[in-house]
Amino acid sequence: MGHIQKVRAAAVALALAGALAACGDAGDDGDEGSDVEVQENAADEFDDGTRMKELADAGSVTIGVKFDQPGIGFKGATDDAPVGFDPEIGKILAADLGIAPEDITWKETISDNREPFLQNGTVDLVIASYSITDERRQVVGQAGPYYVTGQQLLVGTDSDIDSLDDVKGTEVCSVTGSTSLENIEAEGAKPRGFDTYSECVDQVLNGTVDAMTTDGAILLGYAAENPDQLKVVVEPFSEERYGVGYSIDAPEMCEWITETIEDAQDDGAWATAFEATLGQSGVETPDPPAMDECPAA
Amino acid sequence: MDDLLDQYDLVLQAFWLTIQLSVLSGLCSLVFGTLLAALRVGPISVLRAAGTTYVALVRNTPLLLVFVFVFIAAPNLGWFVGTPFLVKGVIAMSVYTSAFVCEAVRSGVNAVSVGQAEAARAIGLTFTQTMGSVVLPQAFRAVVPPLASVLIAMTKNTSIAAVFGLMELTGRMRYFTNNSADDTVIFLVFAAFYIVLVELISAGAIGLERRWRAAR
Amino acid sequence: MSTVLFDTPGPRTRARHRLYALLSGVGLLALLGWFVWYLDEQGELEYELWEPFVTPAYVQVLWEGLLDTLAMAVLAILLAVVFGAVFGVGKLSEHAAVRWPSWLIVEFFRAVPLLLLIIFLFLGPAGLSSYWSVVAGLTLYNGSVLAEIVRAGILAVPKGQVEAAYALGMRKTQVMVTIQLPQAVKIMIPAIISQCVVALKDTSLGYYVLAPGLTTVGRQIWTEFGNQFQTAVVLSATYIVVNLLLTLLATWAQRRLVGERRPIVHPVDPGMGHGGPGLS
């Protein structure tokens, strides 16, 4: 009997919690990024048998993006869609297929699962601070770059670190198993690996570590969120060229991605997307990078 | 595999860090856990309740969350900001493991049958003699297997430190898998390091048990 | 209280114990009070940091996270029972070709950290999704622990029963399936539920591979609100409540199925280990 009473008490407690739950009102409706113009009758534009045609006919596309990088790709626990420069690029591409932003399925990717996602068809495109490298181009297609950045350091505004030499012996945070962490360890810093960049930012903010390091584009997003406490220092000491990943089985996508992004660069949609996201950190909108030639089909 | 051989010093450093984490956490947990057990069997009701509450709370919380408290939440409260990462790791591991050490020790003391103590008292041994030559020796023997289980689990648990800033074996494994296609080989090599540690504790426990059994 | 160890305390000793109890009670309360004061001082008690946990949308995602966590744990335990039955019986096989591989597999998965296993399943050639890496990791580890329990359960069935079954003309498989396993399972059920507590706690490791579940949802929340401490408190409380309910269930099952009055022993197991090789 005692147990039943306990269970009943627990049920009451739960019900109370539920009643309480009605009072809170946390979270704000973040800005939804820029608007895009959705192409009408897009399916007619593509040849039969291409992946673009299939997607346009289906009227939906699945895109892998980061969920934990403000400025690049970020999604709160209760948000419907991620916000950031990468999702903006995704919307531009989808619009060209006649797919409205609300018909895009966003999938969270982390550094380790981007190739598998493309290979097994979990996603149609990966736009997730995805550096173009020769190794990756062996297994997946990468069109771009739509943005060029490089590894930099994020430190507190009162930090003495302003050159790469200064990191020797300091504690520098990045994501466990990332190339950035490897590079900074090679520079003589003590590597402090955490699971996501946001945890690293907290460690910098509360003074547990001296700096964090990864691509400048990601760091700028964090600096923009806490301009009084954080700054990005050091000239980029690597070159990361972000590309759009696609399945190697659909090489026709390369020309389409390249042309669509080039059009967006020309008509200002690229700049608008930048200003609405990474540009919030106060950096000037850079000149869009020149896109690579697609491999001959 | 070549990567591992070329950078064997990194692998050994990681192994050393795992050993440090395990040994230091093991010692702290043994001390703190035994104190907790003393509270839980002692005569003071408030401390008994406090010990019981501590064990119930900690044992039902995932170790990962204990790490989150120590490494991610505490610095926001202004704690552990300048504390070395190794020390924070030992704190997190010990807070958690001592609850299990406490239970192991307590079960060991309870495992000694009341009749033994009664008999000792009946033949006129004092409290010190009863504890020293009858109860405790048997309690230690009974504690060895569960305590070894706890220490083995603890050693494996140190892997959780990998994404809390400590480049121990698991963190170093991800460093190597990032650059290599030989994921399976790397995994097996790093797994072997853990197996060596587990087997060492295991062998130590069996040795102790055998020695004390012979003394009977 | 084992009062055998010393004489029954007299009135003076009892008074002293009461004094100690009072002093330590006051001390503990003071410590707790100071902690709450400190939290308040640091602004950690401000409503806005706790507000997500009373906001319907976030309660909803936490609830879904809890359901994911429970689903992963239950799925893993069900698969682990199958794994444990196969390899537990395998370890008792008369054929060395079955016994040795079973032994090797069980010992390997018990000695390797679960986290290492999950990461390997996720990143390695298996390339499982985050969800299945956690479920598969939990299955292999808990299955190996259960294999030991199955083995012990089978050995606990009185030998006379087996001999009687052979005498009746039953074959080896028949004896195993109709006599030994059913009784072993009955003994095992409370242990299996206890193992659920371990599995439930270990689902938190999904944090490393972004598997759905409480810790991953929690991280999203503290990333958004910067309320790491508050989120960790809420997550821990959730785990503690669910685990205590599971422990109650295990105690009930023990009493019902095994008939022992004594409450079931919580596995002496800091989350990931049930002893190593040679310690059964």
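Which chain is which? They are A, B and C, in the order written, and residues in each are numbered from 1.
The definition used in the following text is that contacts are C-beta pairs under 8 Å (C-beta built on N, C-alpha and C of every residue); 3 or more make two chains touch, one makes a residue touch a chain.
These are the chains along with the protein names UniProt gives them: A = Glutamate transport system substrate-binding protein; B, C = Glutamate transport system permease protein.
From a predicted model like this one, the values you see are computed outputs, not experimental measurements.
> Decide which interface, A-B or A-C, involves more C-beta pairs in contact, and give its chain pair.
Higher contact count goes to A-C.
> From the Cα centroids, identify the chain that ends up most central relative to all protein Cα atoms.
If we average C-alpha coordinates per chain, C lands closest to the whole-structure average.
> So how far apart, in whole Å, are chain B and chain C when each is placed at the average of its C-alpha atoms?
17
> Using mean CA coordinates as chain centres, what's the chain A-chain C distance in Å?
So the centre of chain A lies 36 Å away from the centre of chain C.
> Just how far, in Å, is the C-alpha centre of chain B from the one of chain A?
40
> Return the residues of chain A touching two or more other chains; collapse runs of consecutive numbers into ranges.
195, 202
> Quick one: which residues in chain B touch 2 or more of the other chains?
As it turns out, chain B has residues touching two or more other chains at 72, 76, 78, 162-163, 174, 177.
> Of all residues in chain C, which are in touch with two or more distinct other chains?
123, 207-208, 226, 228
> Touching residues of chain B toward chain C in the complex: what are they?
41, 43-47, 50, 56-57, 59-65, 68-69, 72-74, 76-78, 96-97, 99-100, 103-104, 107, 114, 117-118, 121, 127, 130-131, 135, 145-146, 148-150, 152-154, 156-160, 162-163, 169-170, 173-174, 177, 183-184, 187, 190-191, 194-195, 198-199, 201-203, 205-206
> Tell me, which parts of chain A touch chain C in their complex?
3, 6, 10, 17-18, 20-27, 67-68, 75-78, 108, 110, 112-113, 116, 120, 195-196, 198, 202
> What residues on chain A touch chain B, complex-wise?
171, 173, 176-179, 181-182, 191-195, 199, 202-203, 206-209
> Taking the touch rule as given, give the residues of chain C at its contact with chain A in the complex, in rising order.
Per the stated touch rule, the residues are 48, 51-61, 122-123, 127, 130, 207-210, 217, 219-221, 223-226, 228, 241, 245, 248, 252.
> Mind pulling up the chain C residues that touch chain B in the complex?
Where chain C meets chain B, its residues are 1-2, 4-6, 9, 17, 20-22, 24-25, 28, 38-39, 42, 44, 108, 111-116, 119-120, 123-125, 197, 201-202, 204-205, 207-208, 215, 222, 226, 228-229, 232, 235-236, 239-240, 243-244, 247, 265-266, 268-279.
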